[in-house]
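Order of writing sets the labels: A, B, C, D, E and F. Residues in every chain begin at 1.
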Amino acid sequence: MDLLTPSLKNLLDLWLNEDIGRGDLTSITLNKSNASAHWVAKEKGIFCGGFIIKHLFERVDGSTDIDLLIKDGESFLPDQKILKLKGNASSLVAGERTALNIAMHLSGISTATAALVAELNGTDVQLADTRKTTPGLRILEKYAVRCGGGINHRLGLDDAAMLKENHLAWTKDISTAINSIRMSAPWTTKVIVEAETTEQAKEAVLAGADAILLDEFSPEELHKIVPQLRELAKKASSHNGSGQIILEASGVNPNYLKAYAATGIDLISSSMSITKSSWVDFSMRFDELH
Amino acid sequence: MDLLTPSLKNLLDLWLNEDIGRGDLTSITLNKSNASAHWVAKEKGIFCGGFIIKHLFERVDGSTDIDLLIKDGESFLPDQKILKLKGNASSLVAGERTALNIAMHLSGISTATAALVAELNGTDVQLADTRKTTPGLRILEKYAVRCGGGINHRLGLDDAAMLKENHLAWTKDISTAINSIRMSAPWTTKVIVEAETTEQAKEAVLAGADAILLDEFSPEELHKIVPQLRELAKKASSHNGSGQIILEASGVNPNYLKAYAATGIDLISSSMSITKSSWVDFSMRFDELH
Amino acid sequence: MDLLTPSLKNLLDLWLNEDIGRGDLTSITLNKSNASAHWVAKEKGIFCGGFIIKHLFERVDGSTDIDLLIKDGESFLPDQKILKLKGNASSLVAGERTALNIAMHLSGISTATAALVAELNGTDVQLADTRKTTPGLRILEKYAVRCGGGINHRLGLDDAAMLKENHLAWTKDISTAINSIRMSAPWTTKVIVEAETTEQAKEAVLAGADAILLDEFSPEELHKIVPQLRELAKKASSHNGSGQIILEASGVNPNYLKAYAATGIDLISSSMSITKSSWVDFSMRFDELH
Amino acid sequence: MDLLTPSLKNLLDLWLNEDIGRGDLTSITLNKSNASAHWVAKEKGIFCGGFIIKHLFERVDGSTDIDLLIKDGESFLPDQKILKLKGNASSLVAGERTALNIAMHLSGISTATAALVAELNGTDVQLADTRKTTPGLRILEKYAVRCGGGINHRLGLDDAAMLKENHLAWTKDISTAINSIRMSAPWTTKVIVEAETTEQAKEAVLAGADAILLDEFSPEELHKIVPQLRELAKKASSHNGSGQIILEASGVNPNYLKAYAATGIDLISSSMSITKSSWVDFSMRFDELH
Amino acid sequence: MDLLTPSLKNLLDLWLNEDIGRGDLTSITLNKSNASAHWVAKEKGIFCGGFIIKHLFERVDGSTDIDLLIKDGESFLPDQKILKLKGNASSLVAGERTALNIAMHLSGISTATAALVAELNGTDVQLADTRKTTPGLRILEKYAVRCGGGINHRLGLDDAAMLKENHLAWTKDISTAINSIRMSAPWTTKVIVEAETTEQAKEAVLAGADAILLDEFSPEELHKIVPQLRELAKKASSHNGSGQIILEASGVNPNYLKAYAATGIDLISSSMSITKSSWVDFSMRFDELH
Amino acid sequence: MDLLTPSLKNLLDLWLNEDIGRGDLTSITLNKSNASAHWVAKEKGIFCGGFIIKHLFERVDGSTDIDLLIKDGESFLPDQKILKLKGNASSLVAGERTALNIAMHLSGISTATAALVAELNGTDVQLADTRKTTPGLRILEKYAVRCGGGINHRLGLDDAAMLKENHLAWTKDISTAINSIRMSAPWTTKVIVEAETTEQAKEAVLAGADAILLDEFSPEELHKIVPQLRELAKKASSHNGSGQIILEASGVNPNYLKAYAATGIDLISSSMSITKSSWVDFSMRFDELH
């Protein structure tokens, strides 16, 4: 995340308008002074949001200087300085709340992700996110998941195909559905099938799916089905598919991540690091006026 | 919240673009069918978001029918049906994830707010939110706080003035600062002073502030200072101010809300119902194709 | 007004697109030359718009230099130089008309406001604007009113509540209406009641309104009612309201402002400085090509 | 003006956001009631804005019914009903102020234009506007001029070319300037030259200008120069130009319009009906709740 | 393509504003009449654009009726009727040019694609597009390629990764580059390597690329390298990659498509059906006024 | 074309969002390096797009340096260097495809225009474009036509009036139609009549049209009608029109341009240089990393 695309610029503008509205009524007391300030962490965690904060303050006022003391994805301790700011006092105040809000939110996600990822240490299994993200913040929250050590699932409805419960219910058979997708989607598209039963999973493998999302299977069930599916994929490879299949567990119990990881799956996907995380607490402190 | 303003329309568009991107690659399997579906709660809570969900699905496809079975602010139980949908299958799927995401997020906030508000039952003290809101979702999250029984603090930098630590540090005296605001802000503007010490609080009352935000005072300290400030306000009323002062506690320990409430303050403001809440879990289930 | 918010940037873009359209057909005759220019006043008045002009020319072309010779709110005489410009000739011409239009319009409002405010010299009564503003220019026109010595009423429907004729007609009683607002609006919100009769005014005071807008009362009527309302406010203060009430006259005859001011009211609100003002005349003169 | 183009939709949205902001705090008292209302004129004038009002209320709420009782360009008397409205009470209130503001502003322009046009009755001379229009409202204000009986000058910098004082100062000779425009502008473009002296006017005619804007010439001067220019145009027609020339007076004294009209010019252009007009007064009255 | 997403709506608005600008000056002659019209093809081809035309006319005026007589992807003959329209005459004219322009452009692409695809009839090789698309029309032009029987390559920089000449020049080795992408991109991402030499192609296969784009190889060279690469992929499958590799030829000579197809490759990608196509000619004819 | 107007900025943003989407997945391999690159032509042609390329790369990343080696409208040979670039490697790659796409498209139009214009060398007849332009690219494609030596017809529906087949079919007579336009359009507007028969052409001249578009007349027919129309225009000039008439041929056979030019017409308008042109081929080559 190092390019301020036009969409990101628009997002920053939306946020600033939201807070500033028709103008900061209190800023009259600050006018024409320069100030320096810093951010300090009030608890420990993993930092995320440096790039976006930097551009946010610059978008409020191009003459503001921001010095990030920690990189996205690095850990911080309570009382650690996160960044330093210098600029027009009323510009610093105009960006303050919005910048803190996004950084506290994203760092909360990175911190929560890192805690889950730690459970998978020593295994080959990776933790992926889902499309359960806060409306308007998808690419930023997915970036925060990466900063916490997780990986990303598809970004939207348009960069991978996933046949879910409802698609399957409305389809003659999985094979027909996969074929119709392969004919209309870009050839670079992976096709994933969400399976709720062993039968669906097997049918999907035979139909040439690139990946199976095994939803709400227990570690015991996964233990049994995973080798069967891998074997089936090899057999099926002659006529369709690659012989390889990516197996992903979802709907998992967060208390038993290690047990899931031991079943031979490739990935665990979970929305928890976004939907169950809390903001970490940063504070902006002003040093002096010039 | 009953008017779909132009800004809300833009927000819905932003969310839909975020998820749909260049087009739903899986929808080819759904084309041209009609379907009905419903939402079901997987845990208990307070509902929020009916208005926005309704408009979201209609914005995807104007021919979609939505029947809300529960109103914003009402409680629901696990397995309770939340709403029913009827429409083009690919339109329902196109709106599904975004609609669930916003409703689960907002209902999480309403549910968390209701839990805090329950602590204040039987007192006259109200729970208010802060400007710590997720960027892009301020008015919706503040609405969720109201649905949970809380009240709103100022909506942005432009509908009330608040002198905070930094403003005060850069000002000769509180009285000068308040006067400069009163001269430039609309006459309808309330001026609030954030006080971290008893001295600041008293100076602010004498200077004619409309409200004092007492930050990180303990219940014991509040017990002592609240009557003093009210007395001071009455004395001060001859030359400036109304004789009345609104006293608000912030930075409170959530375990002792009742103790704070017993100190004579008017309000407790807390960001917790937003920054520490989890999403409640809803699921969209498809009934049948037509 | 010292921060170019995203909304203001969009407004400048809208204006420029409006005048430039698909491109200035005459600019071919100016290409690649640098020029300096200045603005001169053709009549006397109060200046307003320096901030917005500066950003407008910079938005056309970031390399343009603008030197404001007079501050917003200051008076100017016929033939006085207002500002100096230096830059690419075609950029200066591209911004010329739009910049002059907004400055002439806003300075017209400031000038008209100052004339009304002069009538109130020596009194404690202030002149406020209303929501009668040219669509698209609200915050700029309200800023122009301040530059002319007036103060602002609420900025929109969302920063103060006002019960007007129609709200009252549809409400059981004023007290119920005020209470329902107090329960749903931010606690920082002032509630104003527009009264057309003495009875309504009294009912509103008793119901705890923060301010009464006395519409189309004569100075004689105001003389009589003002002390009654202040007395009532004090009596009412034990159970609701602060004991203080802000009293505002609207629908006034501009020829008798002094008479209104002598009645004990706090404010006179009038749309006249916006709806009845004329543009002041500035001219942009080019000095030389380089 | 009968097509709601995308730009007009955006303009309506901008206006509504400006007034409604984060939501109408008073509308809680109106919720869920239907109402009917009408507009009444408080003075006489020429109406303008029916089209835009209609779409504005519909954009607030698609279920609102508007019945225009008078067409754009028609005159109205004091106390005359202008339109009737029926719809959700809070939707009517949400659009009320903005709709009144634009209609009062535009009708003020139409009314002022009609007064000037009346001076020219019985002559062949038409009254045209200029590019001195309120930023953001150009096409609407120019439409209001037409409703008042005036005609429009060019709409922006891109639909006709005009060589003004500064272009001329920077150009070797008028002929070169006109030729460079003719080579780069669409062939449909008319080229107008603003002349401040008789010499410039003659040079422009000889150079093949389509029209001459005679700036700040007295009626006496015009009397003398107009026939000379027409004669010159005929002579020049062999090699460039059509033999015909449009002659326009600007910078005129509004008290002597008839005298200008008698000089043989084709047009008088004046910004007065926009820059010196006052809003006409309409009032929206609510009839009843349903 | 059956969902009018917010981005598509914005695109339609942009196009309409571009043509209509400040308003159709000729429409005054059409006002208030209803008309019916139809489109007729003036040459043969493959149709594309029905969906977008339909929404374009509806966006101009919601009351317009459009009856598409041919589906996207179907062929048409000279003089064949394409669609019928009924509605307000000035609305039909307002949308006419823009609708024809997009349909003629897209149908030109479908037609050109179909001609290339016909060359590949009887082979298993598919024709894919590239990112060489007209700015602003990517998803529509890629849809036109599908309507002509081609398939799509990646849609943008964000739905598949492709290591091109320059990335490779700046990378230690292909394996490192692929790994760094696999760690930061969603796990659903395919990684493609553009190879200009046999050595690069082999290195890429061994490094676990999902696909190789063989750029400017002759049919003879492909004949030799394709089986080698497939063999290598199988060998490599034990440690990385799936054993399967997608092989794509680019920079091909359009005169020898069949020869390329006979080399064992999976895909031919070519920008020709977009960059070398001509518009097909449709005409809109008005039937009658009502 | 030397001013980056707000609309052009928005267009650049739209294009960049289209290609970059949620972020360049391959750019991870380029991060933090600086690079230089150049563009080289792979065939000969006329260049167009320097201005827009420059701003496109700067909009991606303000620190990029672009050095244009050739001006818009100049010819280039195969292997000629077009421009040089220096900047952050991932920024160069982010803008590469979009910049090439627009420049190759526009230069294709300039090149095709120049070939047609060459046919008219030695005559006084000019080649004009039409409103058949790619949606979203009108002003750029029209600029490309000028760079190729052509001239522009009207830019949209709002800068000139043209009575076409359908308008005429719905009109009592041409004279009435022209008069109604002259009364509602700006006085600067030229009125053109599209004539498909000699009778229509004559009626239009007598009715005072400024120009006649003679559609699908053969050179022989034009030879006969042109002098008749010019004669008629002179006769008609006493009561309406200028005596002069612009005569334009459209629907011409491109193989006989010289024959059309010899008929005495003023202009030939053709959409061919846009609708039948191919992109010219440029390649961006990276020099080195720093």
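Criterion: contacts are C-beta pairs under 8 Å (C-beta built on N, C-alpha and C of every residue); 3 or more make two chains touch, one makes a residue touch a chain.
Note that the coordinates shown come from a computational prediction; the quantities given were computed from them, not determined experimentally.
Of all chains in the assembly, those touching chain D and also chain F are A, B, C, E. Separation of chain A from chain C in touch steps, taking the shortest path, is 1.
When chain centres are set by their Cα atoms, the one at the greatest distance from chain F is B.
Of all chains, the one whose Cα centroid sits at the greatest distance from that of chain C is E. Counting every residue number used by either copy at the chain B-chain E contact, under half are found in both chains. More than half of the contact pairs of D-F, counted by residue number, reappear in one of A-C, C-D or A-E; that pair is A-E. Chain A and chain F have centres, each the mean of its CA atoms, that are 45 Å apart. Centre-to-centre separation of chain B and chain F, using mean CA positions: 53 Å. Each chain gets a centre from the mean of its Cα atoms; for chain A and chain B, those two points are 24 Å apart.
Among the residues of chain F, those in touch with two or more other chains are 14, 20-24, 27, 94, 138-139, 155-156, 158-160, 184-186, 189. If you sketch which chains touch which, every chain touches every other chain without exception.
Those residues of chain D whose C-beta lies close enough to touch chain E in the complex are 1-3, 5-7, 9, 138-139, 155-156, 159. Against chain D, in their complex, chain F makes its touches with residues 126, 128, 146, 151-155, 158-160, 183-190, 192, 211, 237, 242-244, 246, 267.
Against chain E, in their complex, chain C makes its touches with residues 21-22. Residues 12-14, 16-17, 20, 22-24, 27, 31, 59-61, 90-91, 94 of chain A are the ones that touch chain C when the two sit in their complex. Contacts from chain F toward chain E in the complex involve residues 11, 14-15, 18-30, 33, 35, 37, 89, 93-94, 97-98, 100-102, 104-105, 108, 131-139, 155-167, 169-171, 177, 180-181, 184-186, 189, 275-276, 278-279, 286, 289.
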